[in-house]
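Heads up, the next two complexes both have subunit A, just with different partners, subunit B and then subunit C.
== the complex of A and B ==
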């Protein structure tokens, strides 16, 4: 859907929420608005744009520019319409002689201190100051040249008031000469983003926007480069460098961000097929007009020179790549896959679908496995992140779905955040949560590290339970014990929505002294008082919500932890109403979708087991082939089978398993043992170092489809430019399938969605028409819920009665000991995304050029490690080297790093331990030793050499 | 005996650790989980490895007889 640019209507002040409606007249037009609405917004609703500069509906009214004055009958003077609330029967005039005179005077003052270089200004054509000068009819500026902020020099020499541009941020420029000090940027930083990096320093004529301290630049300040300030700036003071470079955009393509599981809606502002800027959509239901540095700015990878646009093949993984035609590459791939099956059996091959690709693409890849290859050997990278969520929530609630939408956070009274670092991993959600925390909601954080959320400015006291990695179940079970022992549970809810006897049995289990806070303190390091305080706060908050991340799932007891979370929500009745719930924060953009689409080896789309006869027969009918009733291999099982010589071929779309999966050595030896590895990606990634076929992929800007975010919201992805590689990813999969005899004839992803809707009850009502009309819908979307389901389990659990599961703590086998005395836990940071394939190819590198090891100063001192030293991190799996950062953010005995950079390969160190129920790897706990180092580890050198060799490319042979 | 066989026993042991504290019959629950999530070949290897005398938790050992092997009719089909 291409729209011509119609500036997103700005109502001047945010919408008010009220059940009371107020009626008034604006310029003779009757209008009804909720009580608490500003006169400015009421006028906008009536279709009248009151001139304004400091007001925007992104932030609350400020009343500083005095341009929006109006006259109201019965009121004295000329009140600012942005700060004046409506009243019943009000009669407002937005244009009178008095008002016109005042506005001209105001504009004249503004313009007297503004450069008049409009024709060459980057905001030319998109400048609110320019628009307002026009709107108020300003025709002359009577002031003589005098003191100002914009001229470099005055008659006497350099102008002491002039400040040069701040170009320290790679994505936008701050030009103080053009600033009108409306303070929109400062307020957006506070209210929308919640970082408080910007301020107005000085007073009167000396007032200036400043990032951090006087000595700071935008880059050195606390600024997280979310761009909210750029979005609200009415002039060219804060503006995207791309706009400076290219000019104003001419059309908009509405689409969805391809980074984290928040799934922000974006307007891609285009000029031709070139993206000028990405602007978060105000009508985006996940993000409500906000974004982070990745979504707004880090999309340059789509046109990066590293992108591979041609198919390539090679006999052996030690050969250089040979550029070939699509026909040659697909023939080579199909022949080898079929040969592997002929030699080693139908189940000797498999696929890995991508949580970064669209639902339609994922659906096709799993269909290729089941219907074309004839095996259920399909898995997805959700295996290594949220598979325990699926298992745990399905067991307790009856569906693996997260329970609430993101809007729900606006009504929560307390958020319990477990094993998640939202300000880095899910930044837009973090901003929405922080807004609620500033309004007074409570916060409890259960995490080994002191995450940034705990340092939210202007919130109350947050409670941090810094547990030892691997003890989630112990602490959560102990919290449950306190709730039961102190009778803080919601008896009515349990009796009506769950099984009371089952609860009593669980209560008996809980009351055993081994789950007491004192006992658990010994295991977890969390003070007993902290456990009690958390239990009381969570149970007594009227509406308490739980948000959790991979710090919950990526453990040997990941599934048990999810179930203990579900137990807490059930016993306190925190399910089914806004502001409560169990909300998994999904890692990648389409983790939810890839699971929904049947990527797992044991289930078809919509989470129906392959042994379920009715479902299998349905797919046999629609796909026209017999299907296997037996579960296939999960990713870790694929590697084990490969090493046993029984798994010989893999088609891997949009995943970099070598970098993202644990125990890299194990993964690379498994891949090295295979006959045919097909990688489909934008770049030659780490996995392609072990591949025989490379099929170039397309970026999210180059294709149509849908992503499903963490709140089950199905969002449209729309093609903004022609795929540089020639095909959208679903087309490549179709070509490969047809080489193997599939006869697929899809001509557009909407046809794939129709097939999904036809075969999957929870998607029965979904169509591209519906999505175009509604913007997005949350599944289940069917006859019972034609417009989707924002909240799950409102009147009863999906499975009927909620199910309490006993949650016994079992210590992981990965324990620190004399050889490996520290526990390594891993995570990610704001500016980089996952394996970094995308973000490392953007200017986000200025924030995070390499992975760093966080270590407590006392642990560092014991080992003779100083800040910035190169250190060796070794586990029983392997070793790597990286730089140390001394910080008290991690407790003694715990070290932390990210896995964004292939030169570090943090996963060389992680082990093959995994969750008992789902084989989700235990990324979050690895026993390690840290020691000073003077260079790369042996592995890094070997791998570096192989990587260099296996990325050689020979040009296409001459015809 | 391969490394992978040991891993299967270890994975089943983890399941036993979970189901041991649940009401009901833990061995059948472990086998049920294995039947739902493991491929026929993994199940075969698991049963064979136990039959060959691999060391394992009693629940795991007991679970073997409930594990469905490929020639048997699928339970839920």
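== the complex of A and C ==
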């Protein structure tokens, strides 16, 4: 879908929320708007554009530019329309002779301190100052040249007021010479992003935009490069480097970001098939016009030189790659898969779907396993992140998904954030939460680290419960005990929505002294008072919400933790109303979707068990083949079976299991033992080092499809450019399936979605037409909810009665001891994403060039480790080396790192412990020892060598 | 962040100043005044620490510090002589007086004498418009100023 650029209408000031409607007359046009709306916005609603420079509907009105003045009958003078609220019966004139004179005078002043290099300016054609000069009919500037901020030199030498461009940020340039000091950037940084990195320094003629303090640059300041300032800048003062390089875009393709589970809507501003910039869509229902550094700027990987565009094969994983035709590669892959099945049985092969690919692509890959290979051996990377969410929420509430939409955060009175670091992992959601925190909502953080959310500027005091990794269940159960003991629960809610007797049994379980805050303090290190304070705050807030991340799920008790979270929400009645709920923050863009699409070995799309006869018969009818009623292998089981010689072939789409799965050595030996490993990816990732077939993948910019975000929102992904590898990923899967005897004839992903809607009740109403019309919908979307379901469990739980599960704390087997006295926990950083395959191939490296080990200064001192030293981290599984950062952000006894860089391979250290219910690996707790080091570990050297060898590519054979 | 490492003493003294005012409504300006009284200027190194203590960011603190001309970004001389250059004083010869004073002291506005005794600053209105040109040094105000009176004021202060 291509549009000509019509910039999203800017109404000048944000929409007002009110039940009262006000009627007024603007330039003779009658208009009705909610009370509290500005005169400027009311005029815009009437289709009248009032000239403006400092106003934009991204931020609240400021009233500084004086260009938007109007005349209002019965009112003295010329009020600014942006700061004047409408009143009943108001009669507004936006164009009179007096106003025209004032506006011209104001524009003359602006232009007197602005370089008139419009023709060569990067914002030429996209500049509001230019537009306004035109709108007010500016024809001359009467001021003599004088003191100014733009000329490098004046008659007497260098101009002391001139400051050079700040090009420290890799993605945008700040040119103070073009600044009109409208403060839009400062206000966007504060109101939209919530970082407060910018300010106006000085006063009067000396006023300038400053990032951080005088000595700071944009890069050294608190700036997180979200792009909000660039987006609102009316001139070329803050502008994307790509626009400087390329020029203005000529059409827009609306699509969805392919990074985290927030699922931001973006407008891809294109010139031909080249992306000029990605701008967050104001009508995006997840992001409401905001973005983070990844989605906004870090898309250059899609055209990175490392990208492999040709299919390749090799006999053995020690051989160099041989570039071949698609036919050769697909034949080779199909023949080997079928041979493995002939030699070792139908169930000796399997597939891994990707949480980064579209729903349609995921659906096809699991269909390939079930309908073509004839096995339920399909799994997805959600196994290693949010599978406990699926299990836990399904058991307690009845659906494997979060309960609320992101808009709901605007109404919450208290947010309990557990095992998540939203400012880094889900930045756009974090900005929305921070906005609410600044408005006075409370914050409780349950996390081993003091995360940045706790340092939100202009927030009240947050409560931090710094627990020892692995003790989530103990602390949450203790919080529940306090709620029960102090009778803070919502009896009416429990009686109507859950089973009262079941609750009483759970209460009895909770009241056992072993769950008391004092006992749990001994286990978890969280002060008993903190547990009590958290319980009281959560239970007494009128609307309390829970947001959690992988710090909840990636534990041996991940599913139990999810259920204890659900219990808290149920016993306090925090479900079914905006501002409440239980909301997992999904790691990858389409984790929710890949789970929905039947990627798991025991479930068809829509979470229906493979042993369910009716569902199986439905798919047998639609797919026209008999299907197996036996659940297949989970990812860890595939590895175990491979090492036992019984699992011989794997088709892995868009996931780097070598880097992202725990206990790397176990994974690589399993892969090395297989006969056929097919990797489909943009890059020769770490897993491809163990592959026999490489099928080049396509980026999100090159295909049509849908992603489903953490709030169950199905968002459209639209093709902005031709796939550089020749095919969209679903086409590749279809070709592979057809080589193995299928007869698939999909010509467009919309046909795949039709099949999904036909066979999956919760998707029954979904179609591309609907998505085009509505922008996005949240499942369930069917006859009962034709436009989707923003809030779930409103009148009753999906499963009927909410189910209280007893949540006994069982300590993980992974315990610190004399040999491994520290607990390692892992996570993410803002500028990098997952295994880094994408973000490492962008300028985001300036923020995070390598993985760093965070260690408390006292632990470091005991070990003779200084800040910046190379250290060795060893566990029972393996060891690696990386640099240390001394910080009190982690408690003594805890160390922390990220897993973005393959040279570090943090997962060499992690163990194969996993969640009891879903096998989700225990990434978040590994007992380790840290010691000073001189260089890379033996594993790193060995792996580096293997990696180098296995990435050799021979050119295609001459014809 | 490019802030140089700051000494423990400095940081401790700063923390003490912040503590005095932290719980007041609008604590930032009183803190800045005390800092300027202590060190003669607002060291940039102080700004992140103030920001962290007050739940602000260093950009915001910088915005406030730079807004007020009275907050200095480097130490002044022992004494500060302010000459009013606002409209009323200008109309009775403040500009000419300023030229004479600059020539006599051998320094320009915002500069300090080489011996570090005196800094010259312009000021925009001391509220003595009826009897300009006016000047100020420390707590002493001077009206109907001329070069001789200014020099006497400077000499008396031992500057």
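Everything below uses one rule, namely that the second predicted complex is superposed on the first by the 959 of 959 C-alpha atoms of A that agree within 3 Å, B and C clash if a C-alpha of one lies under 4 Å from a C-alpha of the other, contacts with A are read in each partner's own complex, and residues count from 1 in each chain.
Here is the rule we go by: a contact is a pair of C-beta atoms (placed from the backbone, for glycine too) under 8 Å apart; a residue touches a chain by one contact, two chains touch by 3 or more.
The structure displayed is predicted, hence computed values, not measured ones.
Engineer: Identify the partner contact of A:591: answer first if only subunit B is touched, second if only subunit C is, both if each is, neither if none is.
Structural biologist: neither
Engineer: Is A:735 contacted by the first partner subunit B, the second partner subunit C, both or neither?
Structural biologist: A:735 sits against neither subunit B nor subunit C.
Engineer: Could you say whether A:640 touches subunit B, subunit C, both of them, or neither, answering first, second, both or neither?
Structural biologist: first
Engineer: Which one hits more subunit A residues, subunit B or subunit C?
Structural biologist: In the superposed model, B touches more residues of subunit A.
Engineer: Applying the touch criterion given at the start, work out whether A:121 contacts subunit B, subunit C, both or neither, answering first, second, both or neither.
Structural biologist: In the superposition, A:121 touches no partner, neither subunit B nor subunit C.
Engineer: Per the contact definition in the header, classify A:212: touching subunit B only (first), subunit C only (second), both, or neither.
Structural biologist: The second partner, subunit C, only.
Engineer: Based on the superposed arrangement, let me know which partner A:459 touches: subunit B (first), subunit C (second), both, or neither?
Structural biologist: In the superposition, A:459 contacts subunit C only.
Engineer: Touch check for A:99: first (subunit B), second (subunit C), both, or neither?
Structural biologist: neither
Engineer: With the touch criterion stated at the top, can you tell me which subunit A residues are shared between the subunit B interface and the subunit C interface?
Structural biologist: On subunit A, the subunit B and subunit C contacts do not overlap at all.
Engineer: Which positions of subunit B touch subunit A when the two form their complex?
Structural biologist: 2-4, 7, 11, 14-15, 17-18, 20-23, 33, 36-42, 70, 74-77
Engineer: Using the touch definition up top, name the residues of subunit C that touch subunit A in the complex.
Structural biologist: 1-3, 44, 47-48, 55-63, 66-67, 69, 73
Engineer: Using the touch definition from the top, list the residues of subunit A that touch subunit B in their complex.
Structural biologist: Listed in rising order, the residues of subunit A that touch subunit B are 347, 377, 505, 509, 556-557, 559-560, 601-602, 609, 611-613, 616, 629-634, 637, 640-641, 643-644, 646, 805-808, 810, 912, 914, 916-919.
Engineer: What residues on subunit A touch subunit C, complex-wise?
Structural biologist: So the residues of subunit A in touch with subunit C come to 195-203, 210-216, 220-222, 457-459.
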